[in-house]
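Down below is the structure, laid out as structure tokens.
Letters A, B, C, D, E, F and G mark the chains as written, and numbering starts fresh at 1 in each.
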Amino acid sequence: MATLKPLRDKVVVERSEAEEKTPGGIVLPDSAKDKPKQGTVVAVGSGRVMDSGETKPLEVKKGDRVLFGGYAGSEVKMDGRAYLIMSESEIFAIIESGKK
Amino acid sequence: MATLKPLRDKVVVERSEAEEKTPGGIVLPDSAKDKPKQGTVVAVGSGRVMDSGETKPLEVKKGDRVLFGGYAGSEVKMDGRAYLIMSESEIFAIIESGKK
Amino acid sequence: MATLKPLRDKVVVERSEAEEKTPGGIVLPDSAKDKPKQGTVVAVGSGRVMDSGETKPLEVKKGDRVLFGGYAGSEVKMDGRAYLIMSESEIFAIIESGKK
Amino acid sequence: MATLKPLRDKVVVERSEAEEKTPGGIVLPDSAKDKPKQGTVVAVGSGRVMDSGETKPLEVKKGDRVLFGGYAGSEVKMDGRAYLIMSESEIFAIIESGKK
Amino acid sequence: MATLKPLRDKVVVERSEAEEKTPGGIVLPDSAKDKPKQGTVVAVGSGRVMDSGETKPLEVKKGDRVLFGGYAGSEVKMDGRAYLIMSESEIFAIIESGKK
Amino acid sequence: MATLKPLRDKVVVERSEAEEKTPGGIVLPDSAKDKPKQGTVVAVGSGRVMDSGETKPLEVKKGDRVLFGGYAGSEVKMDGRAYLIMSESEIFAIIESGKK
Amino acid sequence: MATLKPLRDKVVVERSEAEEKTPGGIVLPDSAKDKPKQGTVVAVGSGRVMDSGETKPLEVKKGDRVLFGGYAGSEVKMDGRAYLIMSESEIFAIIESGKK
């Protein structure tokens, strides 16, 4: 099975198709023009290269559930599943399953 | 209950729906093309990453009432409440309940 | 009474409505397409964050009469008075009441 | 009498209306689409703030006759005279009255 | 036989024509407007020159199978084979033949 | 005979007119909208000045056969031959006559 | 007689009107959409101010014959002669009268 190793600040995300029905979770409004989407991080790049030459490690890690812009990323299919490859800057937030 | 942990300079804001009626507060003019909105900060990211590689902590913190551009952020619904995720740079000011 | 604490390089300015009639003062031409406006600084942010990560304090301070672009800032009303929130970079000059 | 204290890299210039007739001076062609204009520097800002955080003093000083782009600056009237407020970067050159 | 030595952050990639049929591999959806493409890195430049003056070596190396934007690069033919010359920033990920 | 000394990151290139017929060489497809062109470097500038103030020497040198974008550079004629003056960043790769 | 002292990276160039006829010199093609022009540097600014705050001296000096873009600069007339004021970055190369 082939896997993807993203470059630099790229992140591979598997979209959650059932996101609208998760109870107690995040429901995304239909009316929004750029609906944020949910997904799970599958692979992350080595970090974002700054102008200074420094490489900053990414904030998201494999397994994180994330929220990102509805138009974020490029779509890729691997072994029958849909993935998105996007820059970490296109990810808004990590969704933490609330213990609170 | 799920919560959102914003990335970098992102901020989660809960919009104040009743803002036009707050007495002694800030009234936003109807005529403005980009009406600033009020809200309360619910969660903040880890900081803004500068070109130098340095991370600057955000100026706003959880609980702050803030004023931001009318088109700022992306809308998200969680547990029936509407939230906005925006960059801190889209926030104009903190509204301090005047003791003066 | 609520007050505004601007973020970073933001400045809150109260517009001078009577500016066209001030004798010996600055008269702004009607014909200019982007007429500079006058006002008084009411609150200033903590400073402009440079790419280097350094924060530069603003040049204007509370009480300064300032001249700014006619389209500068976002309009906000508080306690019946109109304010503008703008970046300091939208301010051209401080108007000093001439002792000279 | 009110005076203007420009911010940062801003410069206040009084336009020379009689510029086309100055003998031995600079004559600006009528046909140019963006005719450079002449004027005299009346006030200068504290300097240009670089990305590094450093402030570079301006090259022009009060009293300099300068040449600038025909569309440079914003027009302001003070005590019956027309002034332009522009960034120093809109000024091309200082006109030195030739001793040569 | 002539070979290409890319400059700086440029990468020469030989496109995989048979990519849609590779079993267990990555299948690219027909509907995507900017379909990512696969290929094999044939030559890499000396590195990306940062604003700081530092040169960062590239993450991809000769022989890597890579995924890149459908419009990435400029097409060149050498000895009857089609190549693409692109910036490394146009490459999304390295495709690792899965041992997992 | 006059020669050209390019400034900074500029490079003078003499275009190879016969490029389409070179056997074993690089054949450029007719269909490409921005057909890369071949040529020989005739003169190079002193280097690219980085934001940091540092000057990076160019990677190409006099005599290099190079591949560049079909719309790269400005055309100049000197002593009956056509030259192009372009920034080194418009050059994709050096063509090495293969010993392999 | 008035002279021009250019600011920063500005350069004053006197255009060579007779350029098309110089034997053994550079002949500029009529067909080019942006025909490079020749001229002689008359005055140079103090240097280009980099983001780092450093000032880099210019590469061209008074007396240099230079080649620049056909649309470069702003036209100025002084004492009956036409000059162009441009940024050094609009100059492609210095024309050296060949001793070779």
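Please note the rule applied: contacts are C-beta pairs under 8 Å (C-beta built on N, C-alpha and C of every residue); 3 or more make two chains touch, one makes a residue touch a chain.
Just so it is clear, the model here is predicted, and its values are computed rather than measured.
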{"item": "Neighbouring chains common to chain D and chain E, by label", "value": "none"}
{"item": "Rigid-body rotation angle, chain G and chain A, from Cα fit (steps of 5°)", "value": "155"}
{"item": "Whole-Å gap between the CA centroids of chain B and chain F", "value": "51"}
{"item": "Interchain centroid distance [CA atoms averaged], chain A/chain C, Å", "value": "41"}
{"item": "Residue list for chain D, restricted to those that touch at least two other chains", "value": "51-52"}
{"item": "Ordered ring members, chain A first, chain B second", "value": "A, B, C, D, G, F, E"}
{"item": "For the chain C and chain B complex, residues of the former touching the latter", "value": "1-8, 10, 12, 43, 45-46, 49, 51-53, 74-79, 82, 85"}
{"item": "Chain B residues within the chain C interface of the complex", "value": "24-29, 32, 34, 36, 48, 50-52, 54, 56, 59-60, 67, 69, 88-89, 91-98, 100"}
